[in-house]
Structures are given as structure tokens and as C-alpha cells.
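Okay, got some structures for you below.
Two complexes are shown next, each including subunit A; its partner changes from subunit B in the first to subunit C in the second.
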Partner chain A sequence: MAAVSSLRFPAPHSGLSRFDDGLDRAQRSPLIRRMRSGIFWGLCGLALLAIIVPLLDMVWTLISQAAPLLNLNLFTHGSAIDPAHLSAPIGVEDGILGSLLLGLGVLIVAGIIGVLAGLYIVEFAPPRPRAVMRFCSEVLSGVPSIVIGLVGYTVLVNGPLQWHYSLLAAVISLSVITIPYIIKNTEVAFDQAPRSLREGALALGISRFTTIRKVLLPTALPGIVGGLILAQAIAMGETAPLLFTANWTDANPVLKLTNNPEPYLTGVTYNTLILPYAQAHELAAAAALVTVGIILVLLLLGRAATARSKRMTERMDL
Partner chain B sequence: MDVRDLRVLYRESELLHGVSYSFRPNAVSAIVGPTGCGKTTLLRSINRLHDSTPGMRVTGSVTIGGEEVYGRGVGVRGLRRKVGMLFQRANPFPQSIADNVSLAPRAHGMVSRHQVAALVEQHLTLVGLWDAVKDRLDRSPFHLSGGQQQLLCLARTLALSPEVLLLDEPTSALDPDTTEHIEGLVKQLSERVTVLIVTHNLAQANRIADDVLFLMAGSVVEFAPAQTFFQNPADERSRAYITGRIG
Partner chain C sequence: MILLRRRAVGTPPGPAPAPTAARRERDTPIGDAVTQALTGVFGSVPTALLVFILVIMAVTAVPAILFSGTGFFGTYFSPGNYYLAPTVHNGIAAPHTAAFGFLPEMLGTLVTSAIALALAVPISVGGVLMLTEWVPRWAQGGVGLLLELLAGVPSVVFGLWGVLTFGPFMLSTVSPALTGIIGGFPWVFPWLPQGMAWALLGVAIAAFIIIRASVHGQRRRRFRRLALVFLFISLWGAVAPWFTGEVNTAGGVLTASLVLALMVVPIIAATTRELVRHVPVLAKEGSLALGMTKHETARVVTLPYISTGVLATSLLGWGRAIGETIAMFFIIGNIFTGIPVNIYHSGATLSSLIAGTLDAVLQAKTDVSALFAAGLFLLVISLLSNFGGRLIIRRVAGDQALPVGRGV
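Entry: the complex of A and B
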């Protein structure tokens, strides 16, 4: 009996598994396996560093360059620099107020148009108009922003409409740039709502609008808000189209839609970096730092706005 | 409830080839048959769920209480209020547990604001879920077990006081205890409601059905009282299906 069993089963100390066909032994050698996993995790770590290091480096550079100006004056004083009084307190109050105003304008104009257009495309449009709208939106998203600024200039600022450099011309140009992003995000957000949810609502005889509002929106909201925040970040960061439409001023914004140049944060950076004073360079860095800070706050606000729907959809199979 | 010469076409292919039968009111009718024979397709014709699938066409007639479901001027939403449906997989809405129950009645204007809480309690109690969820009515339904989610969906459907209940393999993904619980509920509900239940599970059909409709490849093979169907089927194919030789 012992002879038979030793024929059937290799002795344990032979070092060969019964399932070992020898083909992938190299892959399963402990050393190679450890090396492979080491390389894999090493690359993951490098990728992580490649994201974090430039970000921290940028923020650190801005902080160190703007250091002398980092006090409350930053928020309470304008960016006008008087060469005769270089030690006078300066800040970016005008840029902050101007950029927030532009952001609000974009939120209203691009937000309403973009979300409604995205909703129409994904939930209501017949196939043909849907394809046309998608195509237009994609083309629009590929147009360089400076071209949109130029068109804004020739149509709104100094063309048929004669609004001159103004808040309205700037908001409309930024909206044209950001609407495609909002549309795309809205479309994707509604598209990924599970079919079973729509059917459940249909089977209860719930109207289309109630279904959108109560059933689909909770799953779509994070995506929509993501698009709006992306639009805000673009509005805060764009410079080229604003040069043609808002121009720039170092006075605080006034609530005048046309015929009045508009301040904005990147404009502060753009216009002070070229001045031959150390204070101006510090101000350029401070304006850039505040821009990054506002974008960060927007991201956090977005999280808060979607917290409830995230809570209601967590653990849902999408 | 009558179905006359019901045909369902998807593009060029016919999924149901002229189905005719009458369901007894306030009884449980089981629809059985091999996978892909058209059970779900049949169920979805009754609340007109095919309307929203491009390429799907339905001909023939379905009447409920003498009223033509596919008639001119029939309000589909009103129809679906009276004909409730439960799907194979639980599909709670991403709203609180309470809102899941009250959303449809509110959408149909059936309850006033101050009646909502009572309505929610009544229907969660009806399906036996109240004690498990009464302390977390404002929480997400996705933390409930699969069986509890399906019960919530049943409560949501019942909150519209339907006259007909369409159940598409409602227990196929559930544990035996919840399955038994739901079967008991269905039996109890059938005193007031006409129930059509699609099931893969012949034992389940045997337990709860008054009548059985046996479909194969889009055609009715046999429609008989459950006892007759299981003990003395008229058709050889029914016998083969029951004994497990086909399907």
C-alpha cells in the first residue's frame, strides 16, 4: 500500500506542488514576486509624489514670496501701488471682490444655462437634436479661451452692443467658456443614474419632473455640483478672455453691468508682476495665493452641498 | 382582468405571440416558464412599461375591471397608480426610508402633509418593517438588508392602494425567511388585490398561487387552477416542466 501511495503523490520534501506544471514557477518565486510588488508600490508612490510635490511646492513658493503682505490688509486694501508711497499698505480687496462677482455671474448665467441644457440633452431631447447639441458643446469646449475673449470684444465690448469693458461682457465670455463643462458633467451625472431607479419611478406613475427632482437628482447632484465648481475654478483662473472683456482696474467693483472695467484676481497678478517694485511682486504672489485659496474653499463648499445626497446614495449599487 | 391576443414586438421579432387569458380578481396567479419565455415581457405589458422602450410595440387588448388599458385617452400615470409593480431586484430611491414610502402618494396628491407620517407608519407596519426602521425613518434605505429593501419597495407600492399587483420574481434574490414572509403577505394581500407573480420557483407557485399560467417561447401552454396544473396538467409540456425535464 505504501508503495502505491508514494507513486500517486510526490513526497512532500520533493519541493514540487502537485499542481505545479512548471510554467509559471518563475513568477511565483518569492524573490521575483517581492520585486514585482515592490516596483508596483514604488510606482504608485512616485505617482502620488508627482501630484503632491508640485502642489506643495507651488503653495510654498507663493507663501514665501507673498509673506510680507500676508496680514489683514490683504483683504481690506486695494491693489493700487503708489510709487511715491511704496510702504503704504496694499492688498487684493478689489481682485477678491471682482473675482467673486464674476464667479457669481458665471454661476447664475452658465449654471442655469448649462444645467438646463445638460438636463435637456440627457432626459428630453430626441436623438437628432441631442446629437447636434452634444457636437456643438464639444466644439465650443475646444475653442481657445483667448478666441472667445476676442469674439466677446468684437461683439459685446466694441461692436454692435457697445457695452465697453464691463462685468456683463466678462461674465458672458466666461460663461461661454464654462457652459460645455457644466453640460458634460450634468449629462454624465444623470446618465449614470441606474435604470432600475427610473423604472421604479415609472411603475409608480410618478411624473417625469418629480422623478428627475426626487429620484434621479440625489444620485446626479454630486456630478452637477462638480461641474459647477469646475466652472468656478475656470472663472477664477482664466485671464486671457478677461483682458479683452473686463480689461482691468485697481478700483473696487461697482454693481454696474456695462461701461465699467472690472477687477479680478488674476488681473492683479498679471498687472503687478511687470512693475519694477518688490512690493508689486509680493502682491502678484499674494493674489495668486488667494486665487488658490478661493478654489480650495469652493471645493469644500461643494462637498458640503452634496453631503446629504452622498449620505442617501452611499452603498447604493450604481 | 382580461388579456386578449396580446402581442409584443421588439423591432422585427415577436416576443409574445398572441396571449389570451382571464385572471380571476382577488386571486394570486403565477406566471411560470423557462428563462426568456416572456414572463417579464407579459407583466410589463399590463402597466404599459413597454411604452418607454423605443422599438417595443404592443397590440391586442388588456382590460382591468372592464377598462381598456391601451385605450385612447387612458392616463398612464393613473393606470400605474392602480397597477403596482415590484421588481426582481429591490430598487429603493435615494431618499430617506420615510420618503420612499410617501413619495408616490404625495406625487399623486393622495395625502395631505399631516397625513404623511401616518401613511408611512401604516404601510411599513403592513409589510412588517416598522419595528426595524422606526428609529431611522430619515436615514438612507441602502443600509437595510436586501430583503428589507425589497419589503420597503413593497410598502412603497402598497402606499398607492393598488388594485393589481405585478410581482416579477420578487424573492429570487432573497433568503428563505424573507421569501416566506413575502409569500405570506402576498397571500394576505390577495384578499383585496389581484396579484400576478412571475416566478422561477415552482414550489413557490404551488404554495401561493390560485391559478398558474405556463408560458413557453412567448405562447401560453396552459392556464389552469394551481391544483390542476400541478397534479393533473392537460399538456404534456406542462408535465415535463413540472417534473423538471424541461426548463
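Entry: the complex of A and C
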């Protein structure tokens, strides 16, 4: 019997050992192969459903829970809930304004740092430091957001700087989270610029600064903008780093950098979901729905930017 | 003159060489130097931030580490009584009878993330295979957008969904069914504690099979697979008792783990999709030409090709799962004082402990420091998994830009 089986299967060290499984399979009856195939793809289909169905259910939960609040009051009223007047109109005006303010702050702080850092890493850095910087930036994106909140609290809010709960502390915490993504996108954007352009500029004797500004930047711009949009989407959805830096309020934001708690959209959900009123739960769902809607719009914008950057580089690559 | 000439002649025709250091220096106008210096400062920001975060976390955690020592592995957390005389230990004062046992939270963190990964990896790989092989091209973009949206959904929304919809569904349907099925099965050997019997039996059988297989040499893959099956059964036997017993809350460890799995899926799926896209077409077509079915091609060509990358992105997903805070805070139930009796009970993770407690203990420096110690533990684990994952992914993908990180 042993001799027969060694005839049917390649020897274990024949170099085919990786594929003997496949040969083995080919000798099964077609019915069994079809059945196995059906089971495999059935499970894969279930897996795909397991990804999509909860997401759709989540969106449906938000819409159905928030339904009573979905009118213009949502955008013109604050999120303060008065237990004595539960039927008074409530909305997420403060959250939207606060989140926009935070997004603007992130655009300025993380945008400047991230784009310039990405530019240095991809254009100027010598190979060894470049590898280190890239690695650190990527690892930074893996730091848990609650840890960034803790550090923000102990350094900015209640530490040497004593800013207390404030817009500035929140913006800086969010920036730390988003900088790695901006850097990554900036790098990719500059990397995508066709080699021929770079070499052409070099051959003309143009300085590197001018090359970057006049030759590379136009091609890289859509990619960089895509990174900035992605950063906005991430900043829009974060809660953990803001708990101990912005600390939420249900009043409209004021333009004060320090010593003033800051409202934000996810904070409305976080703080009203635990209140014991039906209206509060509706408000939480409404705020979440608005957040998800804004993030969806940002993702679509980001896609458009990426597509544009791809088209541009393809057109220019001769 | 000679210099000029040498420069003109010295530039060879054909592809431009990288400018030598000397030449770059001579040609550099002032703007270049300024740009380089300026961007260089910003370029070192991420590295500096990473070091800064590590140092701050470590320094702030020192008092609690001195105070508690190995007490971190106790099962009882209490911020202590602020109105009585402080307890002093190792020269560090903490509120009266404060205790910083983080074992339940550590276990909660590890268990939820382990269950989440065990579910998320096969779901993302299977889902991506289905997406790339069977979903028509015009629909792929839409499903891809759904994946991106899932990655972009804020964790507080996952929390809200868990509280309002998914938790009650688990309580009414899934958990009772699970505990009924698993509890109804005869897992118990009367002479051994529950689970242990299966663990021992499975390990013994697996060892026997592996030894036999190494003696025989032939059909090793099959033997190995059989051994894996038995190992799996035995591990399940050891784990199964945690899945039996009463269900009394909509939240709890299992609900939190499932939601966590859903949050990790887009991270793994995004990278897997990119990896599947890079599988060499020739190998796939060759396999099909040999008469293998699509399923066999996927198993023999695609899966081995992407396996290392999937391992790497799973490590990254693990890092993300460990640090997940807000959804866990809403769903897991936040019991800080003991290990849950089964998987359906309320528990806690390190991150939910921090989010749920920091507000209340801000007056007491040592309590805050203890929470920083918990954060330090989180930080170290997630940094290690990130290091590992990114090293592997660099080896697999080279300089290609794989969407590693958030999956957005």
C-alpha cells in the first residue's frame, strides 16, 4: 500500500510539496470539489454580509432613533436639555460649530506640521533618518487615542502649561492623532510625481525649492488635499482624546484659546446617551447621524481628490 | 575655465545621475537651505512626539508603580477614601485604602481584543475574497465605499449602536442561544474540572499526531491540519465553560468583543484588499488553466500569497483594538472590582477604566498616576504590536503604500 501511495503523490522533497495539496485535490470527485467550493464561497458571502449588514443596521438605528429631531431646529438650537421643559426644541448647533472650529484648528496646526514634515521626509531627508522618521510617524498613528488624551491632560490642561479645558489643548491632541495620516498622504503625493518631471527640472538647473514649488507641487496638490480631508474626517470622529482636553460644554463655542471648555459633535452623543430621557437618546442619535453624514461627505471628497491626483499623474507621465 | 568645462563635460548623457554632494552644495541657493532646515524641524516632530509621549506616560506613572508594585496584578481597583488619612507605602501617599489591581482590566483588554481578532480576520479575508472574486465590478466601488465608511464611523457611534440596538439583540437572542447550546453539550468529565479534560485530551492527541506525522514524512500537510483541528478542539474545551451560565446584561464582554470585531474589520479588510489586488495574475490564471476551481485557486494561490500581509495587518488591528475606548466604555459595563464569571457578564478594559474613572479621581495625584500606569501598559502593548506589524508589512510590501493604520 505504501508503494502505491508514493506513486500517486510526489515525494515530499521533490519541490512540489507546496502544490501537492492541489494535485491531491484534483483527484477528488467533481461532486466533492463542487460541494467544497460551494461551502467556501457560501462562508465568504456570509462574511461579506457580516460586514455590511451591521453597518446598514447602524445607519438605520441612527435614522430611526433620530427621526423625531430631524428638522431645522437641529441646526439652530443648542444641545442643552432642560429636564423641566423636555419638549423644548433641541439640536446640535453647538456641537457642529465646535467641531468645525476644532477642524479648522487641526487644519492649521496638523496641516502645516504634517505637510512640511512629509515634504522633508520625501524630498530632503537622507536615507537613514528618512526611514526612522517614517517608522516613527507610522508608529505614532498606532498610539491609543486615550493615551494621547492622558498626555494632553497632564501636559496642557493641568500641568506646566495650565491651559485648563480648552480649545487649544483639544486642537493639539487631535493634531497629534492626525499628523501621521497627513504625512503619509503628502509623501505618497510627492512620490507619485512622474520621474520625468523631476529629471527635467534637474536638467534645467532649477533649484530644488523652485522645483518643488513650481513643478512638483501642482501634481502633488490633490493628494495633499486628500490627506488634509482625511485628517478632518478622523478629527471629526474622535472622542477619547477630547474627554480630558476639551471636556465638552453645551454652550456655543467662543473664540477663546484657553480656559474654556469646548463643545464638539461626538461629545453630544457621549454626554447625552447616558441621560435618562428619551429626548436625550434622540439627541444622541441625531448628533451621531450628523457626524456620520459629515464624515461620509468628507470621505467622498477625499475620494474625488485621490482620483484627481491619479488622473493628473497619469496624464503627465510621458 | 577648466572647472566650468569639467562641469559641462562631466554631466553624462542618458538618465540623470543623482547630484553629488559637492555639486548640490555649490548650486544651492539660499532658499533651498532655508526650506531644508525649516521642513527638517517639522520632519522631526513625529519622532519627538513619540518619545515625548512615552516619557510623559512613564514619568507620570512612576508614583503609582512605586506605591503598588506587583499589586497591579490584583483583582481589586479602588481609588480609596478621600476623607480619611492617606495610606503611605514606599514613601508614596495615596487615598485611604486605595488599591490598584488591574488584572480584570488587563484580562478584559486581552480577551476582548483576542475574540475580536479571531472573528475579524476570517471575516475580512472571506469578505474581501468574495468582494474581489464574485461581486460585479460596478458594485465593487460601492461596497468599497461602505468599507471606508465603516472605518470612518466614530467609535462613539459604535457605542450608541451597541447600547440601543445590538446589546438588546444579544440579550434577547444571541447570548441565550449560545449559552443554551454550549451549556447543553456534555463538556464535563466527572473526574476532572470542566474544560481541563478536553484541553489535556486535545493536546495529547495533537502531540501524538504531530509525532506520527514527523515519522511518516508523507502527507504532512494533512497531518498538520488534523493536529490543528484537535488543538482547536482542546482549546475550545478549555474556553467553553466561560461561554456557559446565566445571561443578565445587554452589554458585557461578548457584546463588546463583537462590536470591537466590527471596528477592526475595516482595518484588516483595507490592507487585505490591497494585497489581493497584488496577487500575480499569471499564477492565478495558471492555476485556473490547470483545472482548479476558483475556490481551489483562492486556497492554493491567493491565500498563501497574502498570508504574511494579513498577519501584519492583524497585528496592527490588534493594536487598534487594545486602545479602543469609547465604544468599550459604553458597552462592556465597567465592573472594576473582579473578574467576570462568564463571557456574558459585565467587565472592563484598561481604556474604559481610564475613560470612566479619570474624571472622578482628579483630586488624588496617586490615583491619576495609577491610571497613567494603566495607560502605559496599553501604550507599550500597542507600540509592540505596531512595531511588529509594520516591520512585517515593510518586508512584504517594500515601499509600496499599503493603507496601513485606520483603513480609511
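Rule of thumb we're sticking to: the second predicted complex is superposed on the first by the 235 of 318 C-alpha atoms of A that agree within 3 Å, B and C clash if a C-alpha of one lies under 4 Å from a C-alpha of the other, contacts with A are read in each partner's own complex, and residues count from 1 in each chain.
We adopt the following convention: a residue touches a chain if its C-beta (ideal position, glycine included) is under 8 Å from a C-beta of that chain, and two chains touch if they have at least 3 such contacts.
Please read these numbers as outputs of a predicted model, since none were measured by experiment.
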| item | value |
| --- | --- |
| Subunit B versus subunit C as contact partner of A:Ser309, first or second or both or neither | first |
| First (subunit B), second (subunit C), both or neither touched by A:Gly205 | both |
| First, second, both or neither for A:Ile51, with subunit B first and subunit C second | second |
| First (subunit B), second (subunit C), both or neither touched by A:Ser196 | first |
| Subunit A residues touched by each partner, larger count belonging to subunit B or subunit C | C |
| Contact residues common to both interfaces of subunit A (with subunit B and with subunit C) | 199, 202-203, 205, 207, 210 |
| Residues of subunit C defined as touching subunit A within the complex | 15-16, 19, 27-29, 31-32, 34-36, 38-40, 42-47, 49-50, 52-53, 56-57, 60, 122-127, 129-131, 133-135, 143, 145-150, 152-161, 163-166, 217-221, 262, 265-266, 269, 287, 290-296, 298-300, 304, 316, 319-320, 322-326, 330, 351, 354-355, 358-359, 362, 368, 371-372, 375, 378-379, 382-383, 385-387, 390, 401, 404-406, 408 |
| Subunit B - residues contacting subunit A, complex | 47, 49, 52, 76-81, 84-85, 87, 89, 91-96, 99, 103-104, 107-108, 140, 142-143, 153, 156-157, 160 |
| Footprint of subunit C on subunit A - complex, ascending | 5-6, 9, 12, 17-22, 25-26, 33-34, 36-37, 40-41, 43-48, 50-52, 54-55, 57-58, 61-62, 65, 112-113, 116-117, 119-121, 123-125, 132-133, 135-148, 150-151, 153-155, 158, 176, 179-181, 183-184, 187-188, 191, 199, 202-203, 205, 207-210, 212, 230, 233-234, 236-240, 243-244, 266, 269-270, 273, 281, 284-285, 288, 291-292, 295-296, 298-300, 302-303 |
| Parts of subunit A lying in touch with subunit B, wherever the complex brings them together | 194, 196-197, 199-207, 210, 214-215, 218-219, 309, 311-316 |
